[in-house]
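Next up: some structures, all given as structure tokens.
One chain, chain A, links the two complexes that follow: it is found with chain B in the first and with chain C in the second.
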Partner chain A sequence: MIVAIARKEFLEIVRDGRFKWTAGIMALLLLTAMAAGYQKYSAYMDMQRLSQDKTNAQWLNQGDKNPHAGAHYGNYAFKPAGPLAFFDNGINNYAGTALFMEAHKQNFAIGRPASDQSSIGRFGDLSGAMILQLLMPLLIIFLGFTAFAGERESGALRQVLSMGVSNRQLLWGKALGIGAAVLLIVGLCVAAGGVALSFADLPMENESLGARVALMALAYLLYGVIFLFLTLAVSAWAKNARAALMLLIGFWAFAAFLAPKAAVEISKAAHPTPAFGKWMADMRSHQMRGIDGVPPFARFEQESREIFAGYGADSIAELPVYVGALRLQKFEEYDFPVFEKHYGELRDSYTLQRRLQDRIGIVAPTLPLRSLSMALAGTDLIRHVDFADAAEAHRRDMARKVNDYLGKAAVSLNTGYGGGNVLIADEAVFAIVPPFKFESQGLGAVLAEHSGNFIGLALWLAAALGLALWSARRLKAEEG
Partner chain B sequence: MLQAVKLTKRYGGIEALKGLDMTVEGGDIYCLLGANGAGKTTTISLFLNFTEPDAGTASVCGLDVTREPLETKKLLAYIPEQVMLYGNLTALENLRYFAQLGGRDYSREEYRGFLSRVGLQPEAVDRRVKTYSKGMRQKVGVAIALAKQARALLLDEPTAGLDPKASNEFSELLLKLKSDGAAILMATHDLFRARETGTRIGIMREGRLVDELSTGEVTHADVEKIYLQHMHAGGHYAQQGASSA
Partner chain C sequence: MKRIIISHEARQLFRSGAFRALLLLMAGAVAFAAWSGQRSIDRQAEGANAAAAFEDGRRARMREGTEQYQARVLAEGGEYQFASASHSPGAGPPQGTNPGVVGSTTAKYLTLPPTGLASFSIGQSDIQLSYVPVSMNPAMNITRDNELENPVNLMTGSFDIAFVVIFLLPIFILAISYDLLSSEKERGTLAMILAHPISLRELLASKIVARAGVLLAGILALGLAALLAVGASLDQTDTWVRFGLWMAATLLYALFWFALSVLVNVYGRNSAANGIALAGAWLALVVVAPTLVSLLATTLYPAPSRMELTTAARQAQTEAESAYMERLSEYYYDHLELVPEGDGSAMDFLTVAMANRNAVDKAVRPLHDEFQAQLNRQESLVQRFQFISPAIMMQLALNEISGTSADRYEHFLNQAYDFRAEWSEFFTVRFLQRSPLRPADYDQFPVFEHREEPFGAVMTRLLPSLLGMLALLATAIVVPLLRLRRYQVAAT
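Let's look at the complex of A and B:
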């Protein structure tokens, strides 16, 4: 019975002239978006790889010099786009793509594609994710708003209900039929895109790609089903098809545009991001003053006895490493808590904003989906923070390695004379710092952070289903 | 088959049906006559449980329609003034859909059989029904009733707007259904056809069944005279007089 209802609903939709238009437009947009996403992704990944290779080579071939000066010469970390960035580019346009790693300074990622775009860029990237997030609900609404309301207006519902079919069976059947029609368009396009991509030689970061794709599909499926049942609920409840359409379009606009914008504004007001100039000045002066109020030079003097004792030495002369290099390394380490505090404050403000946005997200299904989609694509804030952390870890490692080398190579300077080129490092020395390689926390961490968003979608599904069942139960053949 | 006992329905403060008692047995074609607003459609809606009675009961084959809404509907077939079909589906697809909704299914040949029994041209069966005339739609409506194997039919002015030939064909179909033993309740304005096709006639006015006739005992002229007498009697004019006084 349910299958019979679904088949009729599907046939009716597919044979309607409007379906061909809607399907055509949707398919065109989706395929264009995925092609554009792919083009952008492969260009970006080519650039990322080339740049990383080039900067790695530059590090090695920077010329013979003092190894600590080599650390000042520095090196860049280029951020990989994310495993599914061609589908959902997330915050990549705003978050910076390259991070300069040098001695004594933790830096921001720079190179934000958005800053090179005209104001049209503010509308966001044309991506598969955007089309599915914004237009798939619209497609579902257009195909489904007449499901009950239209049949009630035409009088067909009287005949249908006179057949002795239960309202609930009608609801399931219609959901299945409309769902199949939507899936026909969206599923075909996504599958076509997927097959095309599998032939393209994509520089894929193969991080549990299969699981990411499966979870992504699940999230978008849930999202579609939520809108499907909301549409049916409103269609069964509304006075007529027109009213149903108005209400649904209103909700769509709220969910797709108003709620995300409001969530961002509210979260910024609740957890303000520190003003950049002041934040930077505070951090630099904190470095100078020292974390405990003792400037680095003074602190090193105070702690020198202890530090020397760590090497089993009472005086500089007895040290097995060059004291200058030791001091440089200590200065590096004195800065760690300063960076952690200030970058931590900044990061906390972003994280709190994001978490608040996720909590506000419960008001509309689009928000949790958007968050999940970015996270699964590996283009969200969490991954950006991972990248910045990886770059900072690499920076510290780089500084420590060259300082260690200097300490050992230049130990003769402790007793006054340095024979030969003890302060000069060459390519072989710089090679002790391995090339930067980014490994994110992986899917497990993403899921742990985003369980709330899955719960959000599940709650919306329950609510939409509940509304649809309630509406169907009180469905009448005629108004009033 | 179809039975109403003290069936009463109010819309707002207005009593649309005032304690209707009636019975339609298998093999009966019971024609309900009466002005618009007399309660004919309300009666049919109550048998279909599209609306709840305020008092009294409507039952089909002994089952109360408010207690067994799905079971009683399975025994009924309903043909409205305008049979609404899905324009983008063919007659056969429409018929199959409605039959399946009624819990039945047949082979394609059987569906063709139903459609040819109601006189639909074989070449029209696989055409989308948006091209159909009203007469053709009503025929599909009857085919749906046939396929449903309904024990009782509820018809709400099914021949209104049909040309005389189509109307005549429709009446022929009703006679076939009647000879199969179905109980048929038909609301109509067509006094002539009511007399020709019906076995009994009920005249309604202002929510009451004011007269019942057996068509075998009256001529067409009698029916018209009795109908008009009832329409003129008291009610209408008296009320108008009262409200203008």
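Let's look at the complex of A and C:
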């Protein structure tokens, strides 16, 4: 019986001229979005690899100079886009792409594509994820809002129920029929896109791509089914088709547009991020006065006896390493806790904001889905933080290696002055710093952080299903 | 008869629970948006003040150093000298005497003042810093820093009044008007009403007047309330002119959606079909069209990658360094009158660094200009294609009215570039002449004063959007008028 109902529902939808139009538009948008996404993604990745190779070569061939000047020249880390960025570009337009790694300073990733775009870009990117997050629910609503309410108005519901079909069978049948129609459009397009992309050359080592795609599909499936059951629930419960439609569209607009923005503002108020100027002034003042209130120069003076003793020396003359290099390295290290505090607090505020937004997902299923989708695509905050951490680790390693080299090479300066010109490093010296390499924490970290969002979607599914069963049970065959 | 219908319709509206809930929702959304817009503007101001205070404070301490030094020189005799650039504190003249050090290690923060309506439309001001550092460093550094904001939040966008107007207001309007005629027809009351001495056109007009009246009053009240709550500089005409423009744009936009609803209604489909058509139109115009235009702009005129710019700048830097002797003489060639006697002292680190910076700046300039040119091409494409969606026109218009548009920002940046030239010149000349800064010189530093664009320029950019919406509105009004004759009153 359920299959018969599903078949009837499916055929009725598919034969409707409106379905052909909506399906056509939806398919066109989805394919355009995927093609554009892929084109941007591959152009970005080509540029990223090319730029990274170029700056790595620039680091080596920066010319013969003082090694410390070489560390000032530094190197850049360019952020790879994330394994499924062509489907969901996530925060990539709004997070920096290039991070300058230099002596003395931790930097932010700069070059946010959004600031190099027209303000219209803020309406959002046309991406596969955007279509599925925003348009797919509306498609489900359009196809399903008449399921019960429409048949009640036409009297068909009364007939069907008189044939001994249970309400529950009717619900399952309709869910299957409509679900099949939606899958026909969305599934086909996604599959076509997937097949096309599998022929493209995507650089994806160690990214557990298969698991990511499977989890992504699961998340979107859950999301679609949530809207499907909500639609059926409202259609069964509402007075008429018109009221069902209005209610559903209202909920869709709330979940997809209003709730995410409101969640952002609420999370910003709950976990405020300082303005750049304030943050910068605080951090640099902190750097100048030192982490525990002793400025770097004074601290080095205070600690110098101890530091020298570490080398078994009483005076500069006895030091086995150049004191200037030692001081440079100590100054680097004095700044670490300052950077960790200020960058850390900033990062924490971002993470707390995102978590709060995810929790607000309890009122709008789009929120957990969106967060999950970005995380699985590798275009989320976790990946960005990983990248910044990797760059900072590289920066510290670079400074330390260069200072170590300088310490050993220029030890003669401890006793005699005027030998500044011997402080020249060349390509062979700069090669002691290995090229920057970025590896993300991988899927495990994503799942650990986002298990709550899967639970959120599951809760929504349970609620939608419960609501649908409840309204189906008290389904009335006639109006009033 | 018309008056009866109008007052009946208005009363009906206010009595309906759904309408009251919607009205409350709108009021709540405006209040929330005003609150968050205000927070955003306050945060910017806090950042601008802290950054300026930090850098001014550093200069003030340098000045103190020179004051102490001057007193010491006066007391002990000797010459007021020029310190060479150094990182470590020493006994000689303080760093504050060296114009090169002051000009390149401290920055002057320039602020783009928010307009009275800035909190109405955040625009790009959550990405682009509204306060930029100017020093002798390369011009590129002026735009190097971004405002700090969680990228997740940037992606989602602000819940500002522009969002309420562009996204939510149409939904509100469509919700109260999608079944303007169809509901009467479905209940069968339409034929009955038309049995009275009133034409369909008059009936429609009365219904529209009732709803539009409620709507306009609502917008005016909410807009005014928002202005009084979070608007700034209410004593200035500029603010009120901007508010007038905001009102005009919002009314045009609201009326367009209203007209669209009427347009769909006169085709005589049932309420559910009208609802679908209007929801689809909203989706197409507000959500899909802007992303398509944006996609078109970035595909046709892709901005050269920032990565490319970065690697090119480094290439230039390496070349500059490898040829620095040459660069140095070229640099002095530009400032021939300033070559110090016995040249040797000119070879210090700071001079070389400045010469390098100069070379990098020159080498990167063409790339940077190309970058900017490509962005301008994107922007002008968006300007041309804005007419396909009232939402795009409205976003551009509201950014323009609130003073958060790309053009106003560029106008500000150009002033910053000019000021950088002035600031650099001031310190470069004194540095190359090895003329030490005295405490009194600190009062002579160039001062920045932001010049607002002439209002005509704002209007020139605003007008196409407003006229575009007017044209769209006119179309949406004329079609139903022509179509109405063929409306079937009774359900078939």
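Methods note: the second predicted complex is superposed on the first by the 468 of 480 C-alpha atoms of A that agree within 3 Å, B and C clash if a C-alpha of one lies under 4 Å from a C-alpha of the other, contacts with A are read in each partner's own complex, and residues count from 1 in each chain.
Note that a contact is a pair of C-beta atoms (placed from the backbone, for glycine too) under 8 Å apart; a residue touches a chain by one contact, two chains touch by 3 or more.
Keep in mind it's a predicted model, so treat the numbers as computed, not measured.
J.: With both structures lined up on chain A, is it a clash or a fit for chain B and chain C?
T.: fit
J.: Comparing chain B against chain C, which has contacts with more of the residues in chain A?
T.: After superposition, C is the partner touching more of chain A.
J.: Now for A:Ala95: first (chain B), second (chain C), both, or neither, which partner does it touch?
T.: second
J.: According to the stated criteria, A:Lys268 is in contact with first (chain B), second (chain C), both, or neither; which is it?
T.: A:Lys268 sits against chain C, while chain B stays out of touch.
J.: For A:Asp292, decide between first (touching chain B), second (touching chain C), both and neither.
T.: Neither: A:Asp292 stays clear of chain B and chain C.
J.: For A:Ala114, is the partner it touches chain B (first), chain C (second), both, or none of the two (neither)?
T.: The second partner, chain C, only.
J.: Contact-wise, after the overlay, does A:Gly155 reach chain B, chain C, both or neither (first, second, both, neither)?
T.: After superposing on A, A:Gly155 lies in contact with chain B but is clear of chain C.
J.: Please indicate which partner A:Ala253 is in contact with in the superposed arrangement: first for chain B, second for chain C, both, or neither.
T.: second
J.: Given the overlay on chain A, how many degrees, to the nearest 10, lie between chain B and chain C at the CA centre of chain A?
T.: Once the structures are overlaid on A, chain A sees chain B and chain C at 100 degrees.
J.: For the superposed arrangement, tell me the lowest C-alpha distance between chain B and chain C in Å.
T.: It is 16 Å, taken between the nearest C-alpha atoms.
J.: How about chain C: which of its residues touch chain A in the complex?
T.: Touch residues, chain C against chain A: 29, 32, 35-36, 39, 43-44, 46-54, 88-89, 109, 123-124, 127-129, 131, 144-159, 163, 167-168, 171, 175, 178-179, 183, 270-272, 275-276, 279-280, 283, 287-288, 290-295, 297-299, 302-303, 305-311, 314-315, 317-318, 321-322, 371, 375, 378-379, 381-382, 391-392, 395-396, 399, 405-406.
J.: Can you check the complex and tell me which residues of chain A touch chain B?
T.: Residues 1, 4-5, 8, 11-12, 15-16, 151, 154-156, 158-166, 476-478.
J.: Considering only the defined contacts, which chain A positions touch chain C in the complex?
T.: Touching chain C: residues 18, 22, 29, 32, 36, 39-40, 43-44, 47-48, 51, 54-55, 58, 61-63, 65, 73, 76, 78, 90-91, 93-98, 108, 110-126, 130, 134-135, 138, 142, 145-146, 150, 241-242, 245-246, 249-250, 253, 257-258, 260-265, 267-269, 272-282, 284-285, 297, 346, 349-350, 353-354, 357, 380-381, 384 of chain A.
J.: Quick one: which bits of chain B touch chain A in the complex? Just the residue numbers, please.
T.: Touching chain A: residues 45, 48, 50, 70-74, 76-78, 80, 82-86, 88-89, 93, 96-98, 100-103, 105, 128, 144, 148, 154 of chain B.
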